[in-house]
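Look at the two complexes coming up: subunit A is in both, with subunit B in one and subunit C in the other.
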Partner chain A sequence: MDFIRNFPLFTIVLSLFSGVLCYLLKGKTARRYTILYECVLVVLTGCVLYYTITTGEPFTYTMGEFPAPWGNEIRAGVLEAMLALVFLIVMLCSILSGFRFVDADLDESKVNLYYTLVNLMTAALMSIVWTNDLFTGYVFLEILTLTSCGILIVREIGRTTLAAVRYMILNLLGSGLFLLGVVLLYDLTGHLLMVPMQHTVAELAADPAVMPILSISTGILTIGLAIKSGLFPFHYWMPDTYGWATPTSASLLSSLVSKAYIFLLIKTYYRAIGIDVVMRMPLRNILLVLGMIGIVAGSVQAIHADNINKMIAYSSAAQVGYIYMGIGLGGTAGYTAAIFHIITHAVTKSVLFMTTPRLAEVSGDSLKFKTLQGSALRNRDAGFYFLLGALSMIGIPIFAGFSSKIQFGLAAVEAHSGVRLILVMTVLALSSMLNAIYFIRTLIRIYSDPEQKLRREDIRRHHRLGYNLPMGLLCGINVYLGLFSPAVLELIHRGLEMFG
Partner chain B sequence: MTLNEFRHKCAAWMQGDVDVMEHILDGSEQPDLSREERKELEKEQRERRSLSQYSRPLVRAQQKGFYFLYTITAITCCVALIGVLLFTVANLPRYGEENPRTVEVVERYVEKGLEETGAVNIVSGMILDYRAFDTLGESHVLFTALICVMILLGKDRKNMRREYEDFYMVSQDTYFEISKDPIIRCVGMVILSGIFLFGIYILLNGQISPGGGFSGGAVMGAALILFASAFGFEKVDRFFTGKLLKIISFVSLAFYSFAKGYVFFTGANGLENHIPKGIPGAILSGGLILPLDIAVGMVVACTMYGFYSLFRRGSIGKGVIR
Partner chain C sequence: MIHTLVINNEEAAAVILFGIGFTMLLFQRNLIKKLIGMNIMDTGVFLFLASMGYIEGRKAPIITDGVMSTEAYINPVPAGLVLTGIVVSVSVTALMLSLTVRLYRRYHTLELDEIYELSKHQMEDR
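This part shows the complex of A and B:
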């Protein structure tokens, strides 16, 4: 067996160990160690991605000496490796460009605890991406829930604590529903590993009497994950959570954590239940409708927001709506679009969340639109990255947002005709327009300075390299995704084929 | 709304003054404002209140309508969910029914568990050998919870000010604690060693009899808590400091990760793992189960005591704010 096949295991076990190690280290050392360690992880997952692309087939890795239906298992294909790589790059860039704010927002004695949580979160993300077992998914989902609450409350101002309480309650509700769904599926099939479960489900689904129960258990599981990732009626925790957390936390929560839940959902559909069975359930129509409402509602609320972070948070809700719309459209094209949008959004949102604190910093530490007037002129770097991110969110060609919106349109054309097609197209057009309204308004605000408030001493120039490097990398990936989307789409397509 | 009004509203929106929904929906309060801004806001609210006096009956009616709708919707949702779940339960396979499809996994655990894991207690064999990866995650869940509580309740310069430290001392319940209470002390002296021993017994016998790391650790943690409440935190701090807790958690979890990582590595690569299974039923049996049980037990005991200490005095060791 090739040695590279061990790398997924290493990413999980070493992350768990690093988490515990950072608990012993001092704050600064913990940060340096974490950054170095994330670089190592990026290399490891890069190797796995290269390996799976060259061999052209996925591999499963037995955790221990007991084979599939009895022992745990992890699995790596093109899709898993690619998502793991994107997640790790985004995480590395968020830590690199945000550690200054972490140092400022946190008490000195708690900085190492922050990096402990970040490392444990990495372990959980990796496990959820690699897992081939529903219950392992649940266990690491719990770690993800706890760590995301932890990196939220660590700022220790009243608002983050309040937001964390709300986030915690909704998240625990989601975990509980997910567990209930897993238990029901286990009761029906007698398996927790995904592949044997899929075989049994395929046998069961032939019986029309069992189909409703299968739909209900899948539905409960889906609602659980939808609450956790913030689909339309459950997205009200988003603005406070993302709006007040430390920038790094906001970026990690919005671009990685909620996406990991969605990826687990897609994985469950494809590998544990079987996509053919899922397509026969009424569930996808509900997801399609909720996704579409979510897109419009999120965008409208973003227009009403008076605070730039809240606006971006509501826009996140809209983007989650896009992803669920892709799942609801179904078919390989729909899922490809959904996964492509997961990557796009992870890369774009993290840039936006890392620029706003810098804009606020030169505007008297206020995130309100009123005070942000002309802030991009005071911090040109941050303004430029915000411009790129905003253009990508609106869906201007050459940026990633454009290609992902095109993919949704193509998926709709391919899979449907009639009312659904018209509805999806209308929502796509409407949401692009709404996106343009609130992002262009923000751009005008931060780039115009009628009262000539710009003063020479406002321009801050320290930490430029440490900020430009990660942001430049993320924006570079963004443009790459926009210009060379066929290559990435081809990879996603192959990954989905390996899934089935 | 006339066109002119709409135009004004749009202009205000461009300026950053947003009033359209007044943020009823997202439930957030006003953000951190400077003093002047707050004064302005209060004035605005006062004006709005005086305006709303005219429309109060309407508002009340709207509120009433909202609550009525809210109650109706909540009840409908609950009833629907109960109905769906009852329907599901009624249609699930009957308990104890022999179903060849669903017993494949369980059969092997029961029939071959002893032979393959070397543990008489099949539950231990299952969670620490067959499905050890899940348990690896589960033991880190506890550790994560401890870290989160530490972040939330740990005393630091941000949530404590040095000039008020005396005040905080008095306001804590440990200050008035009757740690010299003779009844608790006498009973504690008698039963504490017994509880500790019982905890260790459960911990070490995980592979033979019901018990294991999680339950044994919980008993030991409970004993530590009783010790702290009977004799005071000063006595505990003499042998169980924050630093020791750090080191114990680190060593146990690191050992757990690496031992299991080694087993996963050898198992997946088809190598021999050189860990003797021992004679089933003996104390040294079950391969890695015993050391892993000890590691889990240590973490659980530390976490339980850590929670108690953090809730009572805001730190695990002596609370010193640097």
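This part shows the complex of A and C:
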């Protein structure tokens, strides 16, 4: 059993190796290899999750046997294992249901490069999830940025290049700030490993003269990660980026990459700075306010969008707002809600991004609402999955979106502050209503065919296992999260306790 | 205040450089100038690390004359961080330059505003 302690490192090193291997393989072989390899990773992280649940305590893996405070460490607890598992499942499903579009959008000789990037991205995601060292976090953050830019520009039209440049510029600003924040914290504490840093910060925070400097350093780091994950007002790159990318890329970027940045932030708060110290900083109120503005602004902009992918992209901006609202509320309840929403959104958004290209495909390859009229009747499978995803986004009971909204409500109640409670409840109600407006409007449009243009031969039936299996799995997880949320919340609780 | 800045002149210079680079990256409309801004920003951080890691009168941590006291040597980690940072910065710059070349080939300009205008009229809009 103790052999499982090596698995987190395997997921990182094998992914890096697979990246190089896919560079040498031919396109189709690279794709088959990547799919098989992601399945192996799912099994490996599943083992780690099982191991941490049964032993009931986290474990650290010291690289090269140099003990703290010198060496570099990997750490695995319930929370890390669970998020790694969700990330890998979403990644596997996105690749499985989107490779047809990758083949169509890319030159045949470049398909293997796409999978090279996907594997490197897996390595970066896994390292960010497992690492116990802030500077390692920074390095893999940059690798994540480079690979996500890579899977964006593989589709060689002018708009994607432009979108990638905007995306990169904002990400570089974010990385710069994150690096400065890490360096300042290193300057103050003399440690890069999270646990020794937390001990030193706890000593420093007792001195009122040092507290402002700590706040500023943490603030710089937070702003950096907030820019990278697309918190309001830094969300304007989302529609272009998600709207023009090849579907798998859009799904990976919105459901995994921005979530990894947020997870790194939560991890830094809990493990490197200490949650008690963070709760004393004024920072969290700013995050709360920006999160709430982001929710409303994203939803309003989604209503104005004329293109279904842009609508979903703006809705992503709103969902990132939700997560930051949870972080801003603070307390175990707030962070639990935030992490639960990370999982919910990863599972739901990937379904939505993987259905829209199929709806567009039967509507003359256009993502505009006008032409999408009746598209769900032409491709019933995609329409059905879009329906499930949309209902979850609105927050209809039995779907995951409902459970996560309840968690935000509970977190607001537990914040013991009248103003916060009223504000959060208002925003939740308002955003549910706005979500309902734009998603139900879209559903009516794709399910209605007033001019009876639909002819029998137009109905395409894609009874293809390759699409229904991953989508069914994601929707199944979604319903599971909606119906059996206490089990998952219990795990998140235990994970957060192990974090401290 | 001034006194503190004079004592910590290297750190102050580093933060000012970071600020200059950051604003250039954010507000310049020319892609090459943006990239130069990014490099200045990163250099600011490297200067900060390098000045932090050096203590006057101490030597590099290589034992040659049998002195084992930690007081005699500097911490080598910041230098390692600078090296890693430079590698990251170079790779990011290379990627951004290649993107810039691709944009220039298509739109024949480096001004972002003009590129936005041109891209709006494209027929790829779907």
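The criterion applied here is as follows: the second predicted complex is superposed on the first by the 496 of 500 C-alpha atoms of A that agree within 3 Å, B and C clash if a C-alpha of one lies under 4 Å from a C-alpha of the other, contacts with A are read in each partner's own complex, and residues count from 1 in each chain.
The rule is short, and it goes like this: contacts are C-beta pairs under 8 Å (C-beta built on N, C-alpha and C of every residue); 3 or more make two chains touch, one makes a residue touch a chain.
Just so it is clear, the model here is predicted, and its values are computed rather than measured.
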Item to complete: Identify the partner contact of A:S217: answer first if only subunit B is touched, second if only subunit C is, both if each is, neither if none is.
Response: first
Fill in: subunit B versus subunit C as contact partner of A:L367, first or second or both or neither
both
Discussion item. Between subunit B and subunit C, whom does A:D187 touch in the aligned arrangement: first, second, both, or neither?
Written reply: both
Worksheet item: First (subunit B), second (subunit C), both or neither: which does A:Y236 touch?
Response: first
Worksheet item: With the two structures laid over each other on chain A, which partner does A:L225 touch: subunit B (first), subunit C (second), both, or neither?
Response: neither
Discussion item. By residue count, which of the two partners contacts subunit A more extensively, subunit B or subunit C?
Written reply: B
Worksheet item: Just subunit B (first), just subunit C (second), both, or neither: which does A:H304 touch?
Response: first
Discussion item. For A:V139 in the superposed arrangement: first (subunit B), second (subunit C), both or neither?
Written reply: both
Worksheet item: Touching A:G176, do we find subunit B (first), subunit C (second), both, or neither?
Response: second
Discussion item. For A:A317, using the defined touch cut-off, is the partner it touches subunit B, subunit C, both, or neither? Pick first, second, both or neither.
Written reply: neither
Worksheet entry | Overlapping contact positions on subunit A, where the subunit C interface meets the subunit B interface | 135, 139, 142, 146, 149-150, 153, 159, 161, 187, 192, 367-368
Worksheet item: Along subunit A, where are the residues that touch subunit B in the complex?
Response: 1, 5-6, 9, 13, 16-17, 19-21, 23-24, 61-66, 69-72, 74, 106-110, 113-114, 116-117, 120, 123-124, 127, 133, 135-136, 139-140, 142-143, 146-147, 149-150, 153-154, 156, 159, 161, 184, 187-192, 196, 200, 203, 209-210, 212-213, 216-217, 236, 239-240, 243, 301, 303-307, 310, 367-370, 372-373, 441, 444-445
Discussion item. Show me the residue ranges of subunit C that touch subunit A in the complex, using the header's touch definition.
Written reply: 18, 21-22, 25-26, 31, 34, 38, 41-42, 45, 48-49, 52, 77-78, 81, 84-85, 88, 91-92, 95-96, 99-100, 102-103, 106-107, 112, 115-116, 119, 122, 124, 126
Fill in: List of subunit B residues in touch with subunit A within their complex
13-18, 20-21, 23, 25-29, 31, 84, 87-88, 91-93, 99, 101-106, 108-109, 116, 129-134, 136-138, 140-141, 143-145, 147-148, 150-152, 154, 156-159, 246-247, 249-250, 253-254, 257-258, 260-261, 263-270, 273, 322
Item to complete: Spell out the residues on subunit A that touch subunit C in their complex, using ranges where they run on.
Response: 135, 138-139, 142, 145-146, 149-150, 153, 157-159, 161-162, 164-165, 168-169, 172-173, 175-177, 179-180, 183, 186-187, 192, 360, 365-368
